[in-house]
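Letters are used for the chains, namely A, B, C, D, E and F, taken in the order the chains are written, and counting of residues starts over at 1 for each.
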Amino acid sequence: MDLTAGHVWVMISAALVLLMTPGLAFFYGGMTRAKAALNMMMMSFIAVGLVGIVWVLWGYSMTGGDGVAQLFGNPFASFGLANLIGTEDLIGAGYGATFAIITVALISGAIADRAKFGAWTLFVPIWVTAVYCPLAFMVWGGGLLSADGAVGGAVGEAIDFAGGTVVHISAGVAALVLALILGKRQGFGKDPAQRPHNIPFVMLGAALLWFGWFGFNGGAAGSAEEAGLIWINTMAAPAAAMVGWLVTERIRDGRPTSLGAASGIVAGLVAITPACANVSPVGAVGLGIVSGALCALAVGIKYRLGFDDSLDVVAVHLVAGIIGTLSLGFIMMPVDGEGGGLFYGAGPGQLVAQVVAAAIAIALSAVMTAIIGLAIHKTIGFRISSDNEVSGVDLSEHAETAYEFGGLGVGGSFHPFADQMFAQKPAQKSAEPQTTQQNVTEGVHS
Amino acid sequence: MKLVTAIVRPDKLDGVRGALENYGVQGLTVSQASGYGRQRGHTEVYRGAEYTVDLLQKARVEVLVADAWVTDIVDVLVSTANTGRAGDGKVWVIPVEEAVRVRTGERGEAAL
Amino acid sequence: MDLTAGHVWVMISAALVLLMTPGLAFFYGGMTRAKAALNMMMMSFIAVGLVGIVWVLWGYSMTGGDGVAQLFGNPFASFGLANLIGTEDLIGAGYGATFAIITVALISGAIADRAKFGAWTLFVPIWVTAVYCPLAFMVWGGGLLSADGAVGGAVGEAIDFAGGTVVHISAGVAALVLALILGKRQGFGKDPAQRPHNIPFVMLGAALLWFGWFGFNGGAAGSAEEAGLIWINTMAAPAAAMVGWLVTERIRDGRPTSLGAASGIVAGLVAITPACANVSPVGAVGLGIVSGALCALAVGIKYRLGFDDSLDVVAVHLVAGIIGTLSLGFIMMPVDGEGGGLFYGAGPGQLVAQVVAAAIAIALSAVMTAIIGLAIHKTIGFRISSDNEVSGVDLSEHAETAYEFGGLGVGGSFHPFADQMFAQKPAQKSAEPQTTQQNVTEGVHS
Amino acid sequence: MDLTAGHVWVMISAALVLLMTPGLAFFYGGMTRAKAALNMMMMSFIAVGLVGIVWVLWGYSMTGGDGVAQLFGNPFASFGLANLIGTEDLIGAGYGATFAIITVALISGAIADRAKFGAWTLFVPIWVTAVYCPLAFMVWGGGLLSADGAVGGAVGEAIDFAGGTVVHISAGVAALVLALILGKRQGFGKDPAQRPHNIPFVMLGAALLWFGWFGFNGGAAGSAEEAGLIWINTMAAPAAAMVGWLVTERIRDGRPTSLGAASGIVAGLVAITPACANVSPVGAVGLGIVSGALCALAVGIKYRLGFDDSLDVVAVHLVAGIIGTLSLGFIMMPVDGEGGGLFYGAGPGQLVAQVVAAAIAIALSAVMTAIIGLAIHKTIGFRISSDNEVSGVDLSEHAETAYEFGGLGVGGSFHPFADQMFAQKPAQKSAEPQTTQQNVTEGVHS
Amino acid sequence: MKLVTAIVRPDKLDGVRGALENYGVQGLTVSQASGYGRQRGHTEVYRGAEYTVDLLQKARVEVLVADAWVTDIVDVLVSTANTGRAGDGKVWVIPVEEAVRVRTGERGEAAL
Amino acid sequence: MKLVTAIVRPDKLDGVRGALENYGVQGLTVSQASGYGRQRGHTEVYRGAEYTVDLLQKARVEVLVADAWVTDIVDVLVSTANTGRAGDGKVWVIPVEEAVRVRTGERGEAAL
C-alpha cells in the first residue's frame, strides 16, 4: 500500500529514537573522565549492534502475539521477521527495536569506568531477552499488566504510554543492581579527577536525546489531537524540569550548572514519558518542575547510601520514571469525562494501577538483573583489574585513547600491523585480553 | 636555597602535595610531563595498526626550599611517591642563587 | 482526526526547529574562549527552558486571536493552552514555540563572556513577552503589519515567510543594544586568547542549524509545490553564501577559513528565511552569494565602531536579515503573474512594504530592548565583575569548567555535598552568589 | 497540490541525507591529527557549497530527461531548475542534490592532511559534472545501465537501489586514484602522531551518518511494505557489521576498538545501500556481518600495497560497495516469485548484471578521476608543500587552528583587520596565498 | 650564564614578554604550570558535589641570560608581573654551566 | 651530576630520543613548551581578524646525566636536533647536587 502519514510518522520516529542511543553515548561519555570516555560510549554503541541483531532474530517476536503465560511472546513465531516481509508491520517492528536498544544502553551509566567490555557484550543480549522483552509484552503486548492480563484486569490498567515502567524504571533498577555488583570506583566520592571531562558533550547528548524523544513519545500517537498534545508536553516538561533542577541547584549550591541543565532535561523527559498523552500542558509544566527538583535532590543519595551509580542513572531514570508513572494517579486527565487522576476528582483507582505496575517492573528487573549480573560476575568477571582502572578502561578494554591534541604523550616507533596481519597469534592473546594484552609492562624490567 | 624537582606518577600527586603541606611547605609548582626510565610504554590500536606509546604521563613537582629543609623534603617526596614498581620517578636537587616573591618583592629565604 | 501529511510535516518541522537552539549553543559555544563555553551554551539552553514555559502559559496566546490595538493577542485567551486540548491546533502551538525560543537565544551571542546568568534569566521571559510575541502577532497573527493591519493595509503587506523581520532583524537589533549596554570585553580587539576555542563545534552548530532550518522555512508550506521550492532554496542559498563568504575571505585575507564557512552558511540561511517561498532557485543562489559576501565584510564593522558584538550577531543576523527582507523588493517572483520584485518588472510597491516592515521591527526591538536591558543593568547588573571575567564566566556563573582532559589543574580534596545536603545554608549565599559564592579567594590569606 | 505522505517522506529524507555530509565531516575530521581537522571538515563542507550550486544550475538536469548517447542528460534542459518551479518535482530535485553532495565529499578522506584546498574546490564541481551526474543518469535516469539501456538491456538490469555503484563504488575508486596522485603523507605508516585526534567525533559522525542513511536508503521507497523493509535492513546491517568488525578486531588484535565500531557501522551502511529493498532482514544481518569483517581485514591493504588512502575510503566504501552490489547476486529475494539471487535458487543472471554494473562504475570513475586529478595536479598542484605539511594543513590552507583550550601556544599582539579592511592589498597576496600568506617565517631572520 | 625562571599569572604573560623584549631579551621559553602558594583554589560543582581545585593555572617563563643581566631581568620580571595580590608568583635564578644554540652550535653567552 | 635541558622542534623529538637511547641514556623526561628566539610566529585569521601567534610549540627534553657524559650528550642533542634553520632550539646544562630513584631510594649516579 501507499505510504500514509502514519507510516511516515512512525518511520521518522523510529529513526529519531535510534539516534537517541548515540545521543546517550555523548550524554554519558562526556560525564566520565577522559580516560574512560570511549568505553562509556562503546557500551551504548554495542547495545545498538547486539540488540539490533537480537531484535531481528527473536526479540520482536517475544513482545507480541500469543504469550507464554502472559509473560512473553513466542520467540519463534516471528523469528527473523520472516513472516513480516511484504507487510507494513515491518515499520512497527523497526520502531520497537529502538526502544529495546536504548533501554539496555541506559543501564551502562551506572558502571562507568570499570566494566569489562566483554562482560557487557554478554549482559546486553541476555538482559534484553530476559527482562526487556517480557516487560514490553506484559505492558504493551497484551500480557500480565494490560487490560486483558491477570494483574491489569484485577487492579486496572496502568498507563505507560511511552515507557516509564518498561524503559526507565526497569533500566534504573538494573543500573542500581549492577552498580552494587560491580562495587565502587577507586576514589569514589574523593577523587576530583572523576568530574566530567567534556560537558559540551553532555549537552550535545541531552539535545539529541530531547530531539529523539519526540519520536519516542510521539511515534505511537493515535490521532492528530493526541500527537499535538504529546508534542507540546514533550517540549514543556523537560523545559520546566531544566528550570526546576537549576533553581534547586541555585538554592542548594549557589550556582546553576550546565551539567544540571542537561540532567534536568533528561529528568523531565523521563517523567513525561508515561504521562505524555494523558496530562495537560500545564500539568506537564508542573510535572517537569517537580521531577527536575526531586531528581536534583536525589543525586546525593548515592553518597549517603554508598553505592556508586557513577552517572546517576538511578537518580535520574529510576526516580523520574517513578515520579512520572505515579503522577498519572494525580494529574491524568479524564478520558471522555471518565476516570483520571485524583486532582481531577477521580478515585485512587488509577494511582493503584500505577503503583502496582511500577512495583512489578521494579521487582522483575531487580531479580532478573541480579541473576544475570551475578552469573557473569562470578564466572568471567564484570569488573576490570585495579591496575587497568588506574591506567584507564579505554586503554585496557579498547587499546585506544579518546583524544590526541598534539601533546607529547606519544612517541616511539610505529608498527603497522600489515606484516603480521594474517599471522597466527598465540591463542591466549584473544582468550584473555585483559591480562596478556595489557601492554603497560610496569615493573617488567625492574 | 635549593630547587627540588620530583617526577612522580600522576596519581601520586595528591599524596605528595598533602605530605609536603603537612611538613610545612607553603607553595609549590606542578606541571605535566611524560617520560620513560625502566618503565616502558603501552600499545594503542587504530584500525588494526599498532602504535607504541613509549612516553608515559608523569607529574613534575617543583619546590623551592631553604637549605636546611632539603634532606627532609627529599625524604618526604621519595617516601610518599614510592610504590616499588618501575615508573615511580626521580627526584633531584639544584642550587638556587636567588628567589623573589613577586607580590612583595621579598628576596631570599623570606620569599619561599 | 487521523494524522495527515501536513500534521506530520509540522510536527517534524517543530522538532527540527527545537534542535536549532542547541545547534546555536554549539555554534556560539565553539566561538568563545574555553573558559566561557558553558555559559555561552547555557544562555541558549535556558532560553528553551524559560520560553518553553512562557509559551505554554501565555506566549502562544499573545501571538494570535483578537489583538489588543493590533499590537498583541490577549495573553489570557489561551492561557496554559487549555482551550486547545483535544484539538489539532496544539501542533501549530508547538511549532510556534520553537521560533520564540530560538529568537531570544540568538541575542546571546552579542554578550558572550561577560553576562550574569541571573540577569539573562530575567531578560529572556520579559523580552519574549514584550518584543517577540507582539512582533509575531503584528506580522503573522493578523496585527499591524498584516494585510488587514493599519500599516500593512496602507503600504502593502510585507512578505516575511519564515521570520526575517520577526526573528532575525529583531534579534540582531536586540543584540546590538545589549552589546552597547554591557560594554566591551576586557581585551576586546587586542587579546588573541579571545579567538574561538573549538571550531569543530562551530561547524557542528552550523550543520544542526542548517538541518533544522528545513523545518524553520518549510514547516508552514501550504502546498507541495511551495514546499519543494522552499526546500531547494533552503539548500541553495546557504550553499552559495558559504561560497560567497569564502571567496571574500580569500580575496581579503588570503585564506578561506572554516569559521567563515560556518558563518556563511548561517548568513545564507538568514537571508533566505523571509524569501524562501517567493524567489526562484537561481534567485536563491544569487541572494546567497550576495549575503555571504556582504556579511563577511560586515564582521569588521564592530572594530571600526567600537561595540563588542562578541560573536557577530549583528553582522550575521541583522545584516543578512535586512538583505533577505529587502531582497524581496527585487527578486520576488510574481504570484499568478501579478506583483513581484523590481527585477521582474513590477513596481517598487513590494520594496516599500519590505522597508517599512524592517524599519518597524528595528524600531520596536531597539526601544524595547533598551528599556528592558537598562532596567536590568541598573538594578541587579547585567555584567559580571572584572575579576570574574578574568577567572572565567563559566567558573563564576556556573562553578564549572567545560573540559578536563587529564591535565593538572585539579587537585586537593573532594567534598561530596551529601552530608550537608539538607543542611541550612547562610541566606546570603543563595541571594548573592556572584560575590559570596565566588570561591577564588585571591588575596584572602595575603 | 496538498502535501502527501510521500512528499513529506522525501523532503525529510532529503534533509537527513544533507545532514550526512557534515556527519561525514566529523567522521573524517576526528580521524585526522589535530592540525588537519579543519581542512578535513572543510573538504566536506565546501562540497555542500559547490555541489549545491552546480546541482541547481546544471547538475540536476544532467541526471534525467533525454540522454546524450545514454550517457548523461542535457545540462540545459532544466538549467537553474527554471522549468520545475511551480511543480512538485522540486522535491525530488532537492533529494537528488544531497546524493551528489555526499558522493564527492566521500572521496576527500583519501587525501587527508595534504591537499591544497584550492585544488579541491576545482576538483569538486568538475568531478560531479563529469563522473557523478553521468553515472546517476546511466543507472537511475534511463541511461546505459537501466533496463532500457544498451548494457542494461543486454545483461539485465543491475539493482542499485540507493547507490552502491553510483555513490560508493564511484567515490571509492576516485579516492584510490587521488591517493595515488597525491602520494603518501610524510611519515605514512611510521608516525604515531597520525593516529586519530578525536574519536568521539568519529563516533558522532558515524551516528549522524546512520541517522541520515534512513533517508538515503528509504527516501525512494515505493510502498509502505518496501519502506518498512528498507528501514529494518538499514538498522540491521550496520548493527551486524559493527559486531562483525569488532569480532574481527578482537580475534586479530585482541581488542575491539571504538574506531572499529564506527567504521563497522559505515561499512554495513554502505553494503546494504544497493540491497536495502531486496534482501530479507536476516539477509541484511548476514550481509552486515560479512561486510564488517571483510572491511576490517581490508584496512590493512594500504600498508601492504603502499598507497596512502588516509582514512580508508577504499577499504570501507569501495570494498563494502562491491560486497553490497555483488551480494544481490546471491541473496536478492525473488520478486513475485521470479528472479532473485543464487541462494534463492535463481540463476546467475542477477550476479552477472551486478558484476557488469560494478565494473563499468569502476572503469568510468577510475579513468575520469585520473584525468581530472592529474590535470589539476600537473597545473596548479594538488598537494601542499612539505613545510606546510609539517606545520599543518589547517594553518597553511585556512590560517586557523581547530582548538584553543587555553594553552600557551598563543601570545603576542592582536591586529584586528578593521583598519585595513578596505585597504588595497598587494595583488600577489591573494593570487598565491600558499607561499606569501604562509606566515611561518622560519629562517627569515636567521 | 643564569637561568631565570618566573612563575606568573597567565594573563601577565604578554606583559612580561613585552617588557623582556624591550629590555633586549632575544628568546625565551614558556610552559604551562599550576601551583599554589599563599593563593588558594576555587570550588567547582558537579551534580551537587563540590570539587576543590587547589592548583591554579600559571605560566612558567624561562630565560637564559648572561650574568651581567641577571639583576635587571629579575627586576623587570618582578615589576611587570606584580599585581599586589596573592598568586602573583615567584622568580628564581639558577646557575648554568653551558648553553648551546642548536642551529649554529655556538656556545656560551654567544648562544643566548 | 648535571641536568641537560634541550628545547627542540616537536618533530625532532623522536630522533633525539632514539639517539640518546643509542648512546645509552636510560631515562628522560619530556614536556611541552613554547617559545621564541630568532624564529618568529605565524598568523591566524578568525572572521577577518588576524591573530599573531608568536610562541611556537617546542618539546623540552630533560636528561639527568653523570658528569662524565655531559659533553657527549650535549653533542648528541645538538647534532640530532639541528636543521640549520631558526627555531632549532637551545641546550643548556645545570649542576645537580643530588638525585634519587624513587622506586629504590638509590642516590647519586646510581640513581640515573
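Just so it is clear, contacts are C-beta pairs under 8 Å (C-beta built on N, C-alpha and C of every residue); 3 or more make two chains touch, one makes a residue touch a chain.
These are the chains along with the protein names UniProt gives them: B, E, F = Nitrogen regulatory protein P-II.
Bear in mind the structure is a predicted one, so any value in this text is a computation, not a measurement.
The interface in A-E, A-B or D-F that matches C-F, meaning over half of the contact pairs are the same by residue number, belongs to A-E.
Here the C-alpha atoms of chain A line up with those of chain D after a rotation of 120°, rounded in steps of 5.
Separating the centre of chain D from that of chain E, both taken as means of CA atoms, is a distance of 49 Å.
In this assembly, the C-alpha centroid of chain C lies 33 Å from the C-alpha centroid of chain D.
A separation of 18 Å divides the Cα centre of chain B from that of chain E.
The multi-chain contact residues of chain F, meaning those touching 2 or more other chains, are 17, 30-32, 34, 38, 44-46, 48-55, 57, 85-87, 94-95, 103. Multi-chain contact residues of chain D (touching two or more other chains): 5, 8, 12, 189, 192, 195-196, 198, 204, 252-255, 257, 259, 300, 303, 398-400, 403, 405-408, 410-414, 416-418, 421, 446.
On the side of chain F, the complex with chain D involves touching residues 11, 32, 34, 38-46, 48-57, 85-87.
By the touch criterion given at the top, residues 189, 192, 195-196, 249, 252-255, 257, 259-260, 263, 296, 299-300, 303, 312 of chain D touch chain B in their complex. Chain B meets chain D in the complex at residues 44-53.
Within the complex formed with chain C, the residues of chain A that make contact are 5-6, 8-9, 12, 16, 33-35, 189-193, 195-200, 203-204, 206-207, 210-211, 214-215, 218, 221, 223-225, 227-229, 231-232, 235-236, 238-240, 242-243, 246, 250-259, 261-262, 264-265, 280-282, 284-285, 297, 300-301, 303-304, 333, 403, 405. Taken in their complex, chain A has these residues touching chain B: 390-391, 395, 398-401, 407-418, 421, 438-446.
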